[in-house]
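Order of writing sets the labels: A, B and C. Residues in every chain begin at 1.
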Amino acid sequence: MIAEFRLFPESASSISSQVDHLFFYLVAVTGFFVLLIFVLILYFAIRYRRTRAGTCPPVASSNRLELTWTVIPLMLALTMFFWGARLYVRMFDPPADAMDVYVIGRQWMWKIQHPEGRREINELHVPLGRPVKLIMSSQDVIHSFYVPAFRIKHDVIPGRYSVLWFEATKLGTFDLFCAEYCGTNHSRMTGKVVVMPPADYEAWLAGTVPDESPARAGAELFRSLGCATCHGQQAPTLAGLYNRQVQLADGSTVLADTNYLRESIMDSTAKIVAGFAPVMPSYRGQLSEEQLIQLIEYIKSLQDAEQAPVHRPAIQTEPRPSRRLP
Amino acid sequence: MSVMPYTAELHSHETYLNRSYTLRSWLLTKDHKRIAILYMGSITLFFVLGGFAALLMRINLLVPAGFMAPDLYNKLFTMHGVIMVFFFLVPSVPVTAGNFVIPLMIGARDLAFPRLNLASWYIFVAGFLVTACALVAGGVDTGWTFYAPFSTGYSNTFVFLTVLGIFISGFSSILTGLNFIVTVHTMRAPGLTWFRLPLFIWSLYATSIILVLATPVLAITLVMVAFERVTGVGIFNPALGGDPVLFQHLFWFYSHPAVYIMILPGMGVVSEIVACFSRHCVFGYKFVAFASLAIALLGFLVWGHHMFVAGESIYAALVFSFLSYLVAIPSAIKVFNWTATLYQGSIRLDTPMLYALGFIGLFTMGGVTGLFVAALGVDVHVHDTYFIVAHFHYIMVGSMVMGYLGAIHYWWPKMTGKMYPEWWGRFSAFTIFMGFHLTFFPQFVLGYLGMPRRYATYDPQFQILNVLSTAGASILGVGYVLPLCYLLWSFKYGSDAGPNPWGATGLEWQTPSPPPTHNFERTPVVTQGAYAYHEMEPAGA
Amino acid sequence: MPDEDTILTREGILAEQFDDLAQQTEAGTLGMWIFLATELLLFGGLFTGYISYRLAYFQGFHEASGHLYFTLGSINTAVLLTSSYFVALAVHAARQGRSRAVSGWLLGAAGLGAVFLAIKATEYYLEYREHLVPWMDFQFEGAYPAHAQLFFIFYFLMTGLHAVHMLVGMALLLIMALLARLGRFSAEYHNPVELTGLYWHFVDIVWVFLYPAFYLLNPHS
């Protein structure tokens, strides 16, 4: 207990010291005002204590004073807002070259899936100095993925993906906590983030028993669930789709990110691609979170090369009859 | 000057208390003063229950592995939150000091709707009884925030009963708020214009606006949760395409303004006490009055700051963060004005004044930590940790409970006609202040270190700070027990207070202590502003 | 004037916390408006949920709406609007002190309210028979059964809440009709009738929003 005692957390990510700097600024500014008020109150209480009977002068109001202590706090507050906002935008804008890792939260454990195949429970191995993008969802209730040493956190929600990114700047093992109350063992839904030198990480990834990569499993699912029947013919081709802009039937454009892919599988009619009919069945209730990840990894792996040509909305010359697949 | 149609023939000793001693006269009363006493008894009991849960929680947190099963701990923190928020803090000052003092302060015989006021108490008690059934039957473990889908589809505890109890008690809030607004609009004494009203009235008016507009949204949200518990299908269920985050939007739309329901009345109390015990009009009266309204209005626009990492869009987060900084400004204005009121005043540190100054200090600290959590980049780290717990306890407990105790001590002579023992009062205020800091300051450190909230067990690195916090809690507990004892004692043995022991301005001090049932022999006519201390007889040292 | 006020107090018309009838009337009216504001927010929470899902799942909601009984819903709208007209006539009569007319129009409005509820109950029964009640063996032959279930949850919750308010409103109408019949109101004192009218109109307005939200999304018989 004593040995581990600290008053300030470790700083182990590219963003953590930036958060700490804002924190110290806030401590300084607010500390000043707290001290000011405390000192003034103490001073006035003593200096103007009631010593003998006497009337007090009527209070003179002062609009200038009011304006001053409105405007100055407002200006200071705005600096805090801007600084915090800039930091936040940076915290949730993953770099393009970040490596993806999937996280599934469930009562009461964390399941990690590396795209190359390795799976972990309650542990996340990452390489030093590389941006890591976590794509997270929950199998049941809302959880929250929190690594204090990295100063990062995001809720993990059933029914959609949340994205969190970080770049570890220190080797070592760091606490992972669930930070959204999720039932009986909420406080035991903890884990570790292990930051390794990049070479060690590659070796670890290769591991002793390579699990099948999710993309391979996803390819199999793509066939067995009948996706291949339509996609590539009367349904939009999926080659090169990931992270492209897609034009929708209502005229708007949307980015085909992981949430878009997920939504298209679960609620296909939410966003209809321009030039196509809303006939894709919903797979809601038929896929586990792991299977969803596998399908998405497969779709991401589809490059232009020997697959179908670059994705663009197909131009239909005649309306297709609506059809429901089994 | 209007003449009351009912002229009360005042006996020299007839008061609202000794008018009749029968149980029936209490349970069927329409007198706002008796209703205030009924409420005071109820919420004191509820506070003790909620406080007992907190005590058990803090004992459990003495060791990292805890003493009790996690399920029990989870039920304890849920009940602590539910009882303290809905059955103590939200009613606190409005239903006790508000009910008692508002008609007196504006020169009226009662509130606009006395029977509705009594109904409001019965509804409140009924709501608690239903919630207590859930407690007795085995408790509820969702947290007072009832997040879906845990509360709607996964918790194996008495969620339906609990939300039903809270739903019922919500109507009590709405009726009280409605009563206050109508009373202040229509029943002020002749000459009592809006800007001659005491700031306590302004605060309660602003509070009442929030009560009537925000509470119904909570009511309907709880209905949706209850519906899903009972039927098994609901709109927050992801399996149907439902959105659990929608629950959070609806829930916080009430629950954020609710925190202003909880603090605004305390601010009103502080204005009264600081003015009286510095014998000074509150500096910047109009600014303080409008600041109350500004807090009420802006308070409706910031609910999304509870959801910065919950899945709302970045744009929403930016807007809510910005607005959250704006809502801090009127509170800051109040703190500066109260401090300026002390300047060149004639200050006495009686018990109510100690509570009021304690409020200002602790509110300043709690309020500035709000600036931390409004900062998006910092909130990502501290959200759902003990930093948040410390932040809101500094305001809810540090400020608001002190504000409540300040109100009780300030108006105790008026309510009971008795004075409490002053040195015990000062000692308790001091004990509470010190115990409070020891309990909750370490929690700021714990939170930034990364200890999440609602943890029945925790990592050993956090133990020392937890032990400090529990030590503080025991001192705080003693501080709360003392007033319970000496205030009850003073009922029988306290010295007689007289109509105006503090030499305060305000119409409530122009009647005997305790007041007669109909408050005023003749409806007063007001000819000056609220805090005309400079025109009063100088008070003794 | 003291004597008039004393008479009114003795007759139980002027409550003792008020100085005069004008104050009491003002207080009552303000109180009712505030109460209606709370009701607006109560329904508002449900409308918020409904709107956000309708925006996300328009296709599914559109499909589900087609299964409602458009004709019955439209008849109901006419019935309720007419009942509000009757209530307006009752208030007008009250201002003129014509108590018999007040009673008659209020009873008529209550009667139409009963017709509304009877039609609503019929719709509910028919929907139950078609397995459209989300928590009772819900079966939906369409492309978006999950979204249809969401639609019907809102439909039953919101029209149900509305129906509860209608029941309360009808009770108020009947009470006021009785009091009018007993001669309790006059041209000088009839505020309870006005306030009841306000409440009834509000309940009507809520329906005026529910009807297009649910029925007009995909109106066909």
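Here is the rule we use: contacts are C-beta pairs under 8 Å (C-beta built on N, C-alpha and C of every residue); 3 or more make two chains touch, one makes a residue touch a chain.
What you are looking at is a predicted structure, and each value in this text was computed from that prediction instead of being measured.
Comparing chain C-alpha centroids with the centroid of the full set of protein C-alpha atoms picks out B as the closest. For the interfaces B-C and A-B, the C-beta contact count is higher for A-B. Computed from the mean C-alpha positions, the centre of subunit A lies at a distance of 45 Å from the centre of subunit C.
Our note on geometry: subunit A versus subunit B, Cα centroid distance of 36 Å, whole angstroms. Shown for subunit C are the residues in touch with two or more other chains, namely 56-57, 60, 146-147. Looking at subunit B, residues 239, 241-243 sit in touch with two or more other chains. Residue positions of subunit A touching 2 or more other chains, listed in rising order: 267, 284. Subunit A meets subunit B in the complex at residues 1-2, 4-9, 18-19, 22-23, 26, 29-30, 33-34, 37-38, 40-41, 44-45, 48-59, 61-62, 65-66, 69-70, 73-74, 77-78, 80-81, 83-92, 107, 140-142, 144, 146, 148-149, 151-155, 157-160, 162, 175, 177-188, 190, 266-267, 284-285.
By the touch criterion given at the top, residues 70-71, 74, 141-143, 147, 149-150, 153-155, 238-239, 241-245, 278-287, 308-311, 314, 317-318, 321-322, 325-326, 328-329, 332-333, 335-337, 339-349, 357, 360-361, 364-365, 368-369, 371-372, 374-381, 383-385, 445, 448-450, 452-461, 463-464, 533-534, 536, 538-541 of subunit B touch subunit A in their complex. On the side of subunit C, the complex with subunit B involves touching residues 2, 5-6, 9, 14-20, 23, 26-27, 30-31, 34-35, 37-39, 41-46, 48-49, 52-53, 56-57, 60, 134-135, 138, 146-147, 149-150, 153-154, 157, 161. Of all residues in subunit C, only 56-57, 59-60, 143-144, 146-147 touch subunit A in the complex they form.
Interface residues of subunit A facing subunit C in the complex, by the touch rule stated above, are 267, 269-270, 278, 281-282, 284, 324.
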